[in-house]
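The structure under discussion is supplied below as structure tokens; questions concerning it will follow.
Each chain carries a letter (A, B, C, D and E) given by its place in the written order, and its residues are counted from 1.
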Amino acid sequence: MTVSYTLKVANARFGGFSKLLFRWKGSIYKLLYKEFIAFAILYTIISLMYRRLLSEEQKAMFEKTAMYCNRYTDRIPLSFVLGFYVSMVVSRWWSQYTSIPLPDQLMMVVSANVHGVDDRGRILRRTLMRYANLSSVLILRSISTRVCKRFPTMEHVIEAGFMTREELKKLEGLYSDFNKYWMPMAWFTNLASQARRDGLQRDDVALRLLMDELNKYRAKCSMLFHFDWISIPLVYTQVVTVAVYSFFAVCLIGRQFLDPSKGYPGHDLDFYVPIFTLLQFFFYAGWLKVAEQIINPFGEDDDDFETNKLIDRNIQASQLNTSSMTVDDMYQNLPLAEK
Amino acid sequence: MTVSYTLKVANARFGGFSKLLFRWKGSIYKLLYKEFIAFAILYTIISLMYRRLLSEEQKAMFEKTAMYCNRYTDRIPLSFVLGFYVSMVVSRWWSQYTSIPLPDQLMMVVSANVHGVDDRGRILRRTLMRYANLSSVLILRSISTRVCKRFPTMEHVIEAGFMTREELKKLEGLYSDFNKYWMPMAWFTNLASQARRDGLQRDDVALRLLMDELNKYRAKCSMLFHFDWISIPLVYTQVVTVAVYSFFAVCLIGRQFLDPSKGYPGHDLDFYVPIFTLLQFFFYAGWLKVAEQIINPFGEDDDDFETNKLIDRNIQASQLNTSSMTVDDMYQNLPLAEK
Amino acid sequence: MTVSYTLKVANARFGGFSKLLFRWKGSIYKLLYKEFIAFAILYTIISLMYRRLLSEEQKAMFEKTAMYCNRYTDRIPLSFVLGFYVSMVVSRWWSQYTSIPLPDQLMMVVSANVHGVDDRGRILRRTLMRYANLSSVLILRSISTRVCKRFPTMEHVIEAGFMTREELKKLEGLYSDFNKYWMPMAWFTNLASQARRDGLQRDDVALRLLMDELNKYRAKCSMLFHFDWISIPLVYTQVVTVAVYSFFAVCLIGRQFLDPSKGYPGHDLDFYVPIFTLLQFFFYAGWLKVAEQIINPFGEDDDDFETNKLIDRNIQASQLNTSSMTVDDMYQNLPLAEK
Amino acid sequence: MTVSYTLKVANARFGGFSKLLFRWKGSIYKLLYKEFIAFAILYTIISLMYRRLLSEEQKAMFEKTAMYCNRYTDRIPLSFVLGFYVSMVVSRWWSQYTSIPLPDQLMMVVSANVHGVDDRGRILRRTLMRYANLSSVLILRSISTRVCKRFPTMEHVIEAGFMTREELKKLEGLYSDFNKYWMPMAWFTNLASQARRDGLQRDDVALRLLMDELNKYRAKCSMLFHFDWISIPLVYTQVVTVAVYSFFAVCLIGRQFLDPSKGYPGHDLDFYVPIFTLLQFFFYAGWLKVAEQIINPFGEDDDDFETNKLIDRNIQASQLNTSSMTVDDMYQNLPLAEK
Amino acid sequence: MTVSYTLKVANARFGGFSKLLFRWKGSIYKLLYKEFIAFAILYTIISLMYRRLLSEEQKAMFEKTAMYCNRYTDRIPLSFVLGFYVSMVVSRWWSQYTSIPLPDQLMMVVSANVHGVDDRGRILRRTLMRYANLSSVLILRSISTRVCKRFPTMEHVIEAGFMTREELKKLEGLYSDFNKYWMPMAWFTNLASQARRDGLQRDDVALRLLMDELNKYRAKCSMLFHFDWISIPLVYTQVVTVAVYSFFAVCLIGRQFLDPSKGYPGHDLDFYVPIFTLLQFFFYAGWLKVAEQIINPFGEDDDDFETNKLIDRNIQASQLNTSSMTVDDMYQNLPLAEK
């Protein structure tokens, strides 16, 4: 489920964002705790080994290595590369969200411009909206884990009423390497064009309006397809990941507490628990987790887009508008007595 | 109230922004003073404890810990993560502002294209604009704390004249998990479409123009809804908050003045008041406060958008234009004698 | 006056930008010299006090304080926060410039689509353009210091020929908390709509074109109004200003030359003039000055937009096109003999 | 082949991006391993020379040089310049991808608006789409290495059915210094215009729609042409490259392990393998490789755009829609029995 | 000449960008070598002075000054301010490029919608395109050094066939402080409007299409004019330039090799040639050169836009399309035998 929290921090009060820290759902803790534990265990093992298992000579060797490692952790400019990388992922994430097609505009145009109060008109309006919804279901099935689970086969799409068995046959009649989400929109176009010829649309301007709205809808489906096809270059993600992972691998050794009695500079205290390294882990690994969570916002993370709910909403909105609320109902109720 | 100050700094004079520092309303002082005091008190308590309560041995221990902490505060790259995070929040904030729907364009198109000087025409024009305003009220009610307080129930919306009781019934007749702000716009579409059929709009081009403007208006409402639904990923906000908070938690210990007589490097002075740490607090916590204040610009902070005033303005503008200033008044007054 | 200099550096030659350094108008020297002198004087006073007035003991105290201050100046990440802040201000500055409404497109559409060679047609075309210009004057009056000085009262606007006294009465007949710049555009719409009915515009497509252009023009006026109303959050500006100011306040003490004979590390030379601190001042305070100058580009700084000149240009362009260069002149001169 | 991996990391699980590290295709390892080996070999040669060949005196000299070099490696702010440069390249890369013209919209408009069920109509529809595809092939041939290999001469384009021999003659009849990709679109325009005159397009609105879609398609081809013509300024790329290369040239000497027995600070361990320098190499050189790979996404890298596959898809989509799925098939199958 | 190199680095191979380093044309070496030599000479002079001319006492003084300078070079955050500044300049540079008006779309619309196969029609089409080209020449003359050299006077514009002597008289008949590039477009509008009245354009939709294309063309000319008028704020450029120049002025002293025999820390080697300072110079001054070269991309640098070549292309494209390739040629050749 999408985690909406801005209403909770609408006013900047004392403590501010602190109240956001005590949430589990969609939180960084939930995402990161496994890695955190793994890191802590590894650190402990090495710590124990150093304290218990090593001979004096080995200890001296280890200490030198640790100090050497520690000195070099500063050479990896994590914050820089993470800053730029996460910025890019975040802007892509929002673009993806705004690319999810919503049928509202299309629905309104269909409702206002495709006339006919008889069954013919009603079915026509419904079929047009069904095609639009079908397109978005076809594209979402291929990119969203959730939608894919809801409609594992085309059979499920038929059962949900998005397409008829004949339409499926038509769809499958065409072999393509690529997603065929655009076919129902071609049907939409043809149907609308036919409706114009039959006089169910009064004029060309209305048809043009319908086509324009469909194009916008289509462009969004297309963007979703492309966002899915063209990922952020793998090498970039790998470079960032390697940087973060190797940083913490080095920390496992470099940040060990060395025997204070040996008087190494900066090692005059033995806390056992490396609070600051854990904080750094929380911070840097958390920053990378931000990228991991939103690089594909169509998964099943707590904060991923609720594509199924959106589909439900779209169905409801589409059906509603094309049937119950006919134009004539509305207009005759115009409250003429208004001031 | 929105804080507009750029007119005061229109010219770059001596002192420049300094005059902006002596303001209380909407200022960083007002936002931050509580946290500042809390931080100062905590610092003082720890300081007193160190100076008065601890034994010599405990003091030595504390001093080591403090120096250890101090060394590690540099490891948290606050400025970096805050820079990127606040940049993102600021650009989102401005996008939200530009998404607030303004009915001006729509109003002008309605006024110029929906004809009829009799009551019928006037009521039609008014109803169209009322529907547009109703939509924006419905969406603003759900995202703006201020508008929500003004219209706590739908009853208040009716009283304010935005909708009739019958329309409310229609609206409530439809169950939906989501905000139904788009319904009045569907009514608008149907009504406009009917007006065309009745000849109150002369031609299809005008209807198209009306639909286009409505679509733009609608798209803005829709953006507001989405900005509200999809927050900045919670994990990002949490990572930043934890970084800032833990930084200052560490500072509480690491930035204590240690006994100068012990000769620790960098601790040869005891100022009692840690001016620079307080400055850092002011600076970093203030930067985070910027994000806290504008992450939801629809709250009741001094600098949040004045949604209620905007609604008032919209009502006024809408009513005015559709009644008093009819087309014919205007044209006959054309000063033909002009050079 | 706007400072255009890119033509001077069109080619990357030896020295490159160096020739830009010897300009006074619109230069950083002109903007900053007062602050610079103030800073230098304060520094000198403290320097003299330290050298002449203080007792040996006080001197020792001062020296410790100075070294302490100096160590902490590095803790304020000025370059980071300035980088992000100025970036934001610069992009806002350019958006404001591109939001200044220019009547050229509108003028061309009016000229080509509003017909009639008699007085009626000419006056109609002129009045339409006058309304467009009036709108931009109304909005610029409220945001630009220069335009406000040129038209201190509405009387001046009338005198300049932008509106008639009757129109002013109409405008003032409506009370509004907000700028009423949109009213002349409503008149424009109504007038154009009437012209269509009277046959001065041949068809609906032309009217639509006119409305589209007006909408674009209107959107720009609207953006100007919003840029003026919604400033960059005050807290952000305050945080940045406090950071810069406190940095240099600390420098006044921390960057003093201490008695070289005392052998403090890094203090083995006494230059009297702190060249590098002055360079830093020039650099950081100059960076902030960039923001100060362009945060409101409608002021009277050397580099602010020349709104008055733009208004003059708009008047000229509008008048010209709607009168002298009528359609018929043009077409009959078509050089048919061309190859 | 484009490397799509986001579906694999749809959910943020334990380990997160770690699974992406074990891929060879399109990976940073594949891109970088040659440089990595070269760097390692050079390092080893210098290391061996220092350990075996140099006299004691030469060693001392080398050691001083090494320490001097090491101190200065920090002076090259690689991460900064790489961050900004790669950001720019990435945003350009995505713009290029979204500029690849897709004929889908155009196809739908042609199919719905160019009528005629006889051969004439079908051929007309096909020819229009063929011209559109021809344009994109012409532009892609000049920028994509892959497409260029597929169609090394115009003869191949003819064989693939994109153009007739007569059309080629027409195309070659015009001499131009620039790519003539826009000619088939001029043919498209003329053909569509003729079709309107012959009544194969019923109305002007439809023709306008067709022209609008063609313009969008054209604008994309044009952007591709410009992206190819105007590279990122060469000087920028050179500055970044020189910075990275010189950094690692300096590292070859500065990061050598010096004889621990000599007691140089920071040189108390001899690991032989400079792990951290190799990590830095991997990291910085990898970051530069990101830029190298995507600065021209039309090459043959693993992660470059699959332009040939796109062309195939476009052909398929175009042919399909203009022949088999005629309007009439569709409409008569309307399932009237639907609820 | 524009330097296009991306095709050379289409595939990320071993060495990658290294092949770009051995180019002279448009290279950083060509741009920077003079500054580089000047810097080296100054450095040498100071070095010789220190080694040969100064007395022992003066040497000691110089050495202290040098160390003092060296310590402070780190205080100037060059990479930060350069990063932000160059980013801004680069994005502005690309916006300028995409603002160069190309007549292709306009040409296609004219060719398809302005009918008439007789001389009248042909001349009309040509004149329209001539006006469009004239506008872009007028605007480019005022901003591009190259175009200005090609057309030093209006006489040259006439000779090149862009305008007639009568049109020039018309143009000069109007006095204006600003560039009058928009006048030929006003003529275009009027001419098109007249053509509609004479029946050379069949319908209003076509006229509208023509106007829309002209508006886009016009908007681009307008953007060029504004980019030229409103430079990046001079103060920003000055701050950056002063930062870079003063940094290297300080380096001239601070980076001198001091007598190793005196045992100053970090000064145990005398290389004579300050490789790393020269590298830094190359790097930072090169970064600034990037900005210098592209801040005005209409100059005569190797990498500036080839405006003259673009003008030639535009003429060719315009003439071609409006004459030889008439609609009728095309359509009758439709290969009906196609499958």
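Rule of thumb we're sticking to: contacts are C-beta pairs under 8 Å (C-beta built on N, C-alpha and C of every residue); 3 or more make two chains touch, one makes a residue touch a chain.
Given the structure is predicted, the values throughout are model-derived calculations rather than measurements.
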**Asked** Which chains lie in contact with each of chain A and chain E?
**Response** D
**Prompt:** At the chain B/chain C interface, shared numbers over all numbers used: above half (same) or below half (different)?
**Reply:** different
**Request:** Would you kindly tell me how far, in whole Å, the mean C-alpha position of chain D lies from that of chain B?
**Result:** 39
**Item:** Whole-Å gap between the CA centroids of chain D and chain E
**Value:** 24
**Message:** Show the residues in chain A shared as contacts by 2 or more other chains, in ascending order.
**Reply:** 31, 80, 83, 87, 204-205, 208, 289, 293
**Prompt:** Order of chains around the ring, counting from chain B in the direction of chain C?
**Reply:** B, C, E, D, A
**Asked** Of all residues in chain C, which touch chain E in the complex?
**Response** 2-7, 9-12, 14-18, 20-21, 23, 26-28, 31, 79-80, 83, 86-87, 90, 93, 97-98, 102, 104-105, 107-109, 111-113, 202-206, 208-209, 213, 266, 268-269, 271, 276, 279-280, 282-283, 286-287, 289-290, 293-294, 303, 305, 309, 312-313, 316-317, 320-321, 325-328, 330-331, 333-336, 338
**Message:** With touch defined as at the start, can you tell me which chain D residues reach chain E in the complex?
**Reply:** 31, 34-35, 38, 64-65, 68-69, 71-72, 75-77, 80-81, 83-84, 87-88, 119-120, 123-124, 126-127, 143, 145, 164, 166, 170, 174, 176-178, 182, 185-187, 189-194, 204-205, 207-208, 211, 215, 218-219, 222, 226, 228-243, 245-246, 250, 288-289, 291-293, 295-296, 298-301, 304
